[in-house]
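Let me begin by handing over the structure; questions about it come next.
Going in written order, the chains are labelled A, B, C and D, and every chain counts its residues from 1.
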Amino acid sequence: MLRFDSDYMAGAHQEILDALVRTNRELTAGYGNDPYTAEAKALIRKACDAPEAEVMFLVGGTQTNATAIDGILAHHEGVLAAESGHIAVHESGAIEASGHKVLTLPHTFGKVSKEDVAKYIEEFYTDETYQHMVAPGMLYISQPTEYGTLYTLNELEGLSEVCHRHNIPLYIDGARMGYGLKGEGADFTLRDIARLADVFYIGGTKCGTLFGEALVVCNRSLLKHLFPLVKQHGALLAKGRLLGIQFGELFRNGLYERIAEHAVRLAIRLREAMREAGYEVVIESPTNQQFFRLKNSVIDFLRNDMSFDYWGPRGEEYSVVRLVTSWATTEEEVAEACRLIASTKA
Amino acid sequence: MLRFDSDYMAGAHQEILDALVRTNRELTAGYGNDPYTAEAKALIRKACDAPEAEVMFLVGGTQTNATAIDGILAHHEGVLAAESGHIAVHESGAIEASGHKVLTLPHTFGKVSKEDVAKYIEEFYTDETYQHMVAPGMLYISQPTEYGTLYTLNELEGLSEVCHRHNIPLYIDGARMGYGLKGEGADFTLRDIARLADVFYIGGTKCGTLFGEALVVCNRSLLKHLFPLVKQHGALLAKGRLLGIQFGELFRNGLYERIAEHAVRLAIRLREAMREAGYEVVIESPTNQQFFRLKNSVIDFLRNDMSFDYWGPRGEEYSVVRLVTSWATTEEEVAEACRLIASTKA
Amino acid sequence: MLRFDSDYMAGAHQEILDALVRTNRELTAGYGNDPYTAEAKALIRKACDAPEAEVMFLVGGTQTNATAIDGILAHHEGVLAAESGHIAVHESGAIEASGHKVLTLPHTFGKVSKEDVAKYIEEFYTDETYQHMVAPGMLYISQPTEYGTLYTLNELEGLSEVCHRHNIPLYIDGARMGYGLKGEGADFTLRDIARLADVFYIGGTKCGTLFGEALVVCNRSLLKHLFPLVKQHGALLAKGRLLGIQFGELFRNGLYERIAEHAVRLAIRLREAMREAGYEVVIESPTNQQFFRLKNSVIDFLRNDMSFDYWGPRGEEYSVVRLVTSWATTEEEVAEACRLIASTKA
Amino acid sequence: MLRFDSDYMAGAHQEILDALVRTNRELTAGYGNDPYTAEAKALIRKACDAPEAEVMFLVGGTQTNATAIDGILAHHEGVLAAESGHIAVHESGAIEASGHKVLTLPHTFGKVSKEDVAKYIEEFYTDETYQHMVAPGMLYISQPTEYGTLYTLNELEGLSEVCHRHNIPLYIDGARMGYGLKGEGADFTLRDIARLADVFYIGGTKCGTLFGEALVVCNRSLLKHLFPLVKQHGALLAKGRLLGIQFGELFRNGLYERIAEHAVRLAIRLREAMREAGYEVVIESPTNQQFFRLKNSVIDFLRNDMSFDYWGPRGEEYSVVRLVTSWATTEEEVAEACRLIASTKA
């Protein structure tokens, strides 16, 4: 079975696994007070050109979002996010469980516009009853989005400008940041992210590590007591070095980029095979998630040999599906998938 | 340097690491919906002789305690715990952050008595103002305790009986459960734990895995919606199989017992060396944590070659220190430590 | 100045104030343990034909909603409400502050449909990822709504049926319940409310008391520990009898109905004056809140002698305004307002 | 029956009730945006000699404590309080429900010492594991305490100095502040309180009003968004003027002082009667709460005509009881009580 369901189906990239094996018997202090973690933090600061940023490693994405957002917001504030945002839909109410409302914005394939952000904030403060409402306290976006789409550098700059003009921080969920940085036509860098966002995270779970996300706090005044906050959220790993070792590998020799380039290239090969077979690409995604409209009979046929996500029906005869690649997807798997797709051509 | 600071300084036991390496490239569904997790759950149910229990794997101890306790308690209830309990002291307020008070009880080297539990509950309900106070809603104990001590089977039965007579559940924090089960003179089994506790967890982080704790819910009515609760607490690992694979190894071939026997045996060798050298054993611990009163000059001398925890001064000339062994401690390290200790004999 | 801004601008109805004055020097037990509170509870149970219901008096509406909803919902659940619902918009995130998401539904002038409720619940449980999402745990509606509109008995029965078929409780915010019961063409009674809702509250603040809301828990299994829950939410009044005395007056001699009839009758007189003057009634409200579209020049003219709420522009020349009556509105004030309105007729 | 159970058994002082009656039919804006509230705030600022302080009126004490403490503390912080503090014992976990731990200190009849506060903070930060523990984020004291005792000005200055030296705010619960200010030998003023505390509240419920507490925020940077915080805590009264009117009366013509002088004087008469009858005064309370050790047979006898609080047994034959006076206690009642007490003399 060729599996394109998601980008967290395998373990870790071989170089990362090797590092874990190599260091396994070493004895180090816990909770991130080890040299591997220190080195990984330094590497990330350097990659972001953010020498003053605080870097903290957490285990998973929902945990990272919930911890950072809870730490940033004041009691009376909520977080602005696309209606499709991960925190708005798929985190089992983790944001609300920490006391904060998710204030939703309209979106285009997962992206919000600076105009809508500005409008929300401005209308909020002109509402006579605004003191009885939840104030917009920060903006959450994901890069790439849940639909695989990317904000351009210009769009990121616009959002950052709107946020800072209105004095709210910009937070970027980078669960798949790598696949974005190496996305087709991507025009932004990690340095841009660090320059434009106040806080963001670089995802490891979906980009090569067994698990782990690197939270980067550029504007340190927003999260002054990060260590106990992380501990209180149950997000502090006892053997913190496991995170340091993995992120060290990702950022020491360009592994993060290599992983992302590989996955994006294979995703585009799948997309081209779909286009050549005459199928509609329903979202123009430049990253490792691709969305297609297929006849249900084609879906049934492909499912004999391939697995992927079902995103919902389009009329009686068609449906939309999502195919995802990762560092673990092989050239052979994609070649075989392309053959299968081509074979369904009418 | 011989390191006896804690039992979470190394990676994973070799058999567990091998299993992670062996399965690394397999592609499986996320969030625990994989065959490794299913098998590990079955092995744990069997080891506990609790075929109806729900088993859920989480990443760390504070996370597991906070999630389970939050799920069990009603709004107006708090959790009874020893003043020295991990949740009362060392979890950065994670229990309170989820809305619940930790109601503290006196203790003897980490252990609470059934008399004190009964007294607390009975006095609570005879207080005329009890409706204005936090009701005792469950009992938290750790086995072994934070001081390495163990409840006897008789004591566990007494606590269980008191709890159930007063209609509150018994929860056992088993971060070091293995080292307890194989503790010197231990007279309880995992089946006893499952029979007497309503909910408990079997710790992996300190007993051989890279990370991970197995929450066992014997009384399933207490935690009816465990999956979204875990997700909401940011405690759901995307690659859930990593937990299943590790606990499968621990429970398939007696590895959990072998690890614990090894560590306890070495801890006792250290204790005997200390006794022979004339040093006071300050807590009668039958497990992998040992506590000694040493002259400060002896501590300074040993620290040239050994590391361990400092627990505080005893007068001007003496201090108490803690030495901890684990699966990763070697015979050679202990032999060398014993030689060093013997050499300090007056 | 004739004031129609809201229904909480005056103190208490004279009969209620008299009762407070009459009883002022009596000495009674606190926290609702007094005979006045007991009698008021009995009167409300009788008015609702709900002899088994628990009645609890709280101080204000946001407080009552937040306390009841927090008490009813499990951790992983949220509350369904109209996008315009008070809890969704105007309670400063009080629901989220207690850990729960407000799940919004489309609405028609504040009313949700049973079809939309059913659709939400059914689609939720057919979503493959529903365990990662917030489960619909109860339905919140207001009767009358924030727009003054009323659910018919048939609609209430439909909503109740849908809720109970899907095993979620129905909660009704009755901040202005009285004005609904005596609304034009209203076909439901308090007994219907108590029969169809699991929990609801009867508002006092806007219907004659200085303050106070009577929470009626028909399905007592939903809120088993109400007293400490109310205390924990800071919602327990020390001199609880003040609530008992006021609600006793409201329900002893038909005062609640008299107050509501009076206010609704005057609101309809205002509406007729507006219609006769040729102005558009923008919401068909049968209760004490009325909404009109007026030329901005007319608004400016009226504001010399009248005050009311501005609800927003309609194009360049027109705006919508809200006029509200209450027990405190006098015949004379309305007659004078009608004269003013008539004088603006083109 | 002569009732000395508590100081919240009657309604409001006549002057306050008169003001409520006098203003009842006036129509004003809600939520505290009325001239009565503005005037009352100004009067309190003046009484405190704190022209820059923010004043906010809330309904009850638990609510005020929970709102202010939640607003002041950061996530990782808890509130230091005496083990006997109201927030530690009698608020049904309201502080924990908002996410914060109450860190308890030893006390002498309700009072904590500056030495113990300093020791707690200093030991906390020298603990190697302090980042895993709840940081002391503020100090809560009550003046008078739950035992009727008073801090001297010197003690208050010492506590304030210790707090500010360690950079944590001092919060004073003044539920019975009036009875403290007029306590026997009291050497502090409201101006001292405002000078030494960062935030405190002046209680109305127990000192003359129907309900209401005036929160005074001297250090405004601690509670920057007070209005939505209060609303979110369900603590915003719709008819906010009711609080303004009542506190206006209390602070316009010295009523607050007159009420307190009256109650304290009567409490001392009761104490002297007890002393003369040979009974032990168990707490040296200079305020309106008095504590005596009586023979159980004497208690039984007195209870035929008097009511008061039972505080617990002292051996087989004796018990401690509490008698409380208030503005509502009359000279005649106390004279009669004194006769009864004298009649029990052996």
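The definition used in the following text is that contacts are C-beta pairs under 8 Å (C-beta built on N, C-alpha and C of every residue); 3 or more make two chains touch, one makes a residue touch a chain.
Quantities reported herein were computed from a predicted structural model and do not represent experimental measurements.
Asks: Determine, using the mean of C-alpha atoms as each chain's centre, which chain is farthest from subunit B.
Replies: Greatest centre separation from subunit B goes to chain C.
Asks: Tell me which has more C-beta contacts between its two chains, C-D or A-C.
Replies: Greater number of contacting C-beta pairs: C-D.
Asks: Can you compute the centre-to-centre distance for subunit B and subunit C, using the mean CA position of each chain? Integer Å is fine.
Replies: Roughly 51 Å, centre to centre.
Asks: Centroid from C-alpha atoms only, then distance subunit C to subunit D, rounded to Å. What do you get?
Replies: 34
Asks: Averaged over CA atoms, how far is the centre of subunit A from the centre of subunit C? Could you give it in whole Å?
Replies: The mean C-alpha positions of subunit A and subunit C differ by 43 Å.
Asks: Going by the touch rule set out above, which residues of subunit C reach two or more other chains?
Replies: Residues 75-76, 91-93, 97-99, 131-133, 228-229, 231-232.
Asks: If we count contacts the way the header does, which residues on subunit A are in touch with subunit D in the complex?
Replies: 70-71, 74-76, 99, 131-133, 135, 224-225, 227-229, 231-232
Asks: Using the touch rule from the top, collect the residues of subunit B that touch subunit D in their complex.
Replies: Result: residues 75-76, 78, 89-93, 96-102, 128-129, 131-134, 310 of subunit B touch subunit D.
Asks: Spell out the part of subunit B that touches subunit A in their complex, as residue ranges.
Replies: Within the complex, subunit B touches subunit A at residues 3, 5-6, 8-12, 14, 17, 20-21, 23-30, 59-64, 66-67, 91-94, 97-98, 205-206, 210-211, 228-229, 231-239, 242, 328.
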